[in-house]
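The same chain A turns up in both complexes below, where it pairs with chain B and then with chain C.
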Partner chain A sequence: MAKITFIDSNKIEITVEADSGSVMELAVQNGISGIDGDCGGVCSCATCHVHVAAEDMDKVGAANEIEQDMLELDDNVNEFSRLCCQIQISEQLDGVTLTVAAE
Partner chain B sequence: MENSVLPDSFKQARESKGIGKVEDQNDPVTMVLGLKDVRKCAHNWKTFQSGAKPGRIVIPSEVNIRETRQIPFEVDPPAHKGFRDLIDPWFKRPLESDYQAQLKSIIDDIIDHSLQQDSVEVVGEFALKLQSRALTVLLNIPYEESELWIGWGKHVFRSEDTDLDGDKAAILYDYIDAQIDKTAANLDQSLYALLLNSEVNGKKLSKEEIKGVMILTFAGGRDTIINAVTNSIAYFSEHPESLTQLAENPDMSSIAVEELIRYFSPLTHMGRVATEDTQVCEHAVKADTRISLCWASANRDERVFENPNEVVLDRKVNPHVGFGFGTHNCLGATHARQLLNILITSLAEKVSTMEIQSQQDNVEDWGEFQRKVGYDSLNVKFTARKY
Partner chain C sequence: MLEHTQNQTCVVIGASHAGVNFAFSLRKQGYAGNITLIDIDPTLPYHRPPLSKAYLTSDNDIASNALKAADSYIKENIKLMLGTKVAKIDAEHKHVIMADGTNIQFDQLVIATGARPFIPPIEGLTTASNLYPLRTAADVTKIKTALKQSEHKRVVIIGGGYIGLETAASMQKLGAQVTVLEREERILARVTAPEMSSFFQQLHADNGVNVLTSKNVASIQTNNGHNQVICADGEQFDADVIVVGVGIRVNSEIAADAGLTEDNGIHVNESAQTNVKNIYAIGDCAYHYNPHFARFIRLESVQNALDQGKVAAANICGKDTQYDTIPWFWSDQYDIKLQMVGLSQGYNKIVKRTEPSDNHKFSVWYFKDDELLAVDAVNNAKAYVLGTKFIKNRSKVDKQKLADLTVDFKADTLVIN
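Entry: the complex of A and B
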């Protein structure tokens, strides 16, 4: 089990648990405001953009090239940006905090 | 066996130059072909605008057949955002379960009916009917209204021998005018009523603006859905194993829809007008000339997609631009995705084989490129799955 904390687009903090699937799916199932997941998680829509807490970057890891190319054109991109459909849930993610990026 | 293939017509030009050229009514277009370049230009709305003269960003240009500005399509930021913020929630209704149930009943009806025929002409008898009936759900108006739209035939803007037909387009414009007046006199729960009741950017919408939204909803969602549905039927006719794969893995359907959209790219390209002298792929683009963002070419870019010319239904990373990219990304995408998802799920449940009996390809002519985008007609025999 991994506990993941989201700070949604209304700045509300919500912690949820899961052991598999993608972080985007987890967010959508739990109605996290600001994560739409329009493309179902294939890295085509960028409606699942989060900023990873600086101290959690090691646990979450960096975006690959295809994801980078999507993020590069997002107005709210920063060094902590990830498209969370590309983050798979595992024990390793336990305790991370993800802030939904503004639109 | 290769009847359902949509070849990549842009490969050579994309690899050698990154652009293509097409003439159109003395207003030539530089087509942008690579995925990264298409995304960059779509993102850069200041240099490549949509808010040009109404009709100019469409290819072939519609400047000679309409004056109404299509909204939000032909509006740039920041005004664009006001319109999107107003209508986005409406176009997210397809996520609701009773909306999906209505779509399912429309789709199941058409499939059940098709299973009883010796032969079905899929464009007119299946895709057009499905598209029209589903649009009544999107607009939240009575189902019966779809009979009139089906009667307009496969093309609202085109006739047999010409790509642009002002008289045919006028039928749609007059119809929408009349519907706006009718709704204004008697407000209901439809999209027309929402628009009549709303303010955007601090002002009530004018009738011309409401018309601009409604025309776009009719035009943008017609050929695109018809192409997507018809191509899907053709594809599964030739790949019964894929239909079985879907029947066994229903969870796969949403990523399968993304892959079908990538491969079919039902909208080939869309234009922009340069606001300054600039360049794409080292080719000069002069101010006040047109480029186009070629979604169909970008979606086969071998630098991004492995086996770009194969349909890989469970493709997991699929950064396609079939629904556009950035500011003007498709407003109807939620509706289209649900519709296609329910369609392929129901086909997998109910149909064992579909056999193509005859077909007439619809090949678009873009100067140096000839692109098959779908079918003018497709005759198919549907056979039920036996349990």
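Entry: the complex of A and C
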């Protein structure tokens, strides 16, 4: 089980738990504002953009190549950016904080 | 919150990508009245694109594919009426009439009825065994069940468009022996250049799927649950399961009956409004103007459904907003990720750029003279992103440099100032 904290687009902090699936699915199931996941999780739409807390980058890991390219469609991209449909939930993610990137 | 909307009701017919996202956008824009979403499909609204892809090959429950969690509708006070058929729109008296005779009064109506699979008039088709279209979660359940129960797992797919090809790839993954029958001389003929058609033809061949072109299905003969698909040229194919993917028909009858202008979709202006005030149409069913390409079009895509929903929501909430998006699409087959941006129709020049890579990484760029119209990117999100920016900005792209792999693949080097 991993506890994941989201800071949504209204700056509200919400902590949820899961043990499998993608972080995007978890966010949608919990109605996290600002995570749309329009393409259903296939890295095609860039509507699940989060900024990983700096100290959690090691746990979450860096974006893959396709993800990095897709992130360039978003003006708010930085070195902590991930498309969270590409982050799979595992115990390793326990305690991480993800901030929804501003639209 | 918009106080003047407090006692109003917005009714949405159709709860798929367009209708659902519209409803949530409307709430986000401050609409304070009732929002009622109606759909004939009894399932909690779900993502459609995975139906022919990941959902077909997995054992996941459809709930894992939900567009929004069930709780989100409650939280946003959006009323869902699923498994409910709308019989009629009374535009004059502003109410919709359900199949069971009940009425709902509306202040604003949004038609997001989408489309249904076109079932071609092929002899024997209606009596064939295990023959299905693929558009709803229920269709997929039937296809999966039929395949599981079939001994030989011989699947014939009628139609070599995206639905047919994605379904072919998925069914092959499930252990089926798949044949695709395409009527045209090449697959994806209506939507891509010959370069893309040959690539996908080869991709499917490499994966053991038999893709045949210039195959017009003339009839289907069924005896004791066993189908023979017979083509006009006399060739015959045994089929335990048949999937039909030959295009769609727009669900616009209900709009036409209500006196809305309709022809290849429900006509809307740049604000997603029909010719009747307070009635909007969005998504697959809307025939709309695209300012970038300066023509009227109808699109079958998630992007179009979502963006038109946002435009309609903003306009209903009093924010004058116009639909102006470059269309984009995607398709996943095997380990191939295809991303498309723009509209290639009317192109007269193609540039193909193949990256040095061992996993099919290339892009096809469609030009009309010097104008970049569209890009099809295979395993190449960078090409997709660059293409999106170039089309949006109407950048003039150096075609020679684009095709030259020694030139850096980035905006600075490719755009002619």
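By our rule, the second predicted complex is superposed on the first by the 103 of 103 C-alpha atoms of A that agree within 3 Å, B and C clash if a C-alpha of one lies under 4 Å from a C-alpha of the other, contacts with A are read in each partner's own complex, and residues count from 1 in each chain.
Basically, a residue touches a chain if its C-beta (ideal position, glycine included) is under 8 Å from a C-beta of that chain, and two chains touch if they have at least 3 such contacts.
Worth saying up front: this structure is predicted, and the values here are computed from it rather than measured.
Participant: Evaluate whether chain B and chain C can sit on chain A together after superposition, giving fit or clash.
Facilitator: Once both complexes are aligned on chain A, chain B and chain C clash.
Participant: May I ask you to decide whether A:Glu25 touches chain B, chain C, both, or neither, giving the answer as first, second, both or neither?
Facilitator: In the superposed model, A:Glu25 contacts chain C only, not chain B.
Participant: In the three-chain superposition, say which chain, chain B or chain C, touches more residues of chain A.
Facilitator: If we count touched residues of chain A for both partners, the winner is C.
Participant: Is A:Asp69 in contact with chain B, with chain C, with both, or with neither (first, second, both, neither)?
Facilitator: Once the two structures are laid over each other on A, A:Asp69 reaches both partners.
Participant: Thinking of the overlay built on chain A, is A:Cys39 touched by chain B (first), by chain C (second), by both, or by neither?
Facilitator: So A:Cys39 meets both chain B and chain C here.
Participant: Share the list of chain A residues that count as touching for chain B in one structure and for chain C in the other.
Facilitator: 38-40, 42-45, 66, 69-70, 73
Participant: Write out the stretch or stretches of chain A touching chain C in their complex.
Facilitator: 21, 25, 28-31, 38-40, 42-45, 65-67, 69-70, 72-73
Participant: Can you tell me which positions in chain B touch chain A when the two form their complex?
Facilitator: Residue positions touching the partner: 36, 39-40, 43, 254-255, 257-258, 304, 315-321, 323, 325-326, 329, 333-334, 337.
Participant: Please give the residue numbers of chain C that touch chain A in the complex, ascending.
Facilitator: 21, 47, 49-50, 53-54, 64-66, 68-69, 71-72, 75, 302-303, 306, 330, 332, 337, 339, 379, 381-382, 384-385, 388
Participant: What part of chain A is in contact with chain B in the complex they form?
Facilitator: 38-45, 66, 69-70, 73, 86
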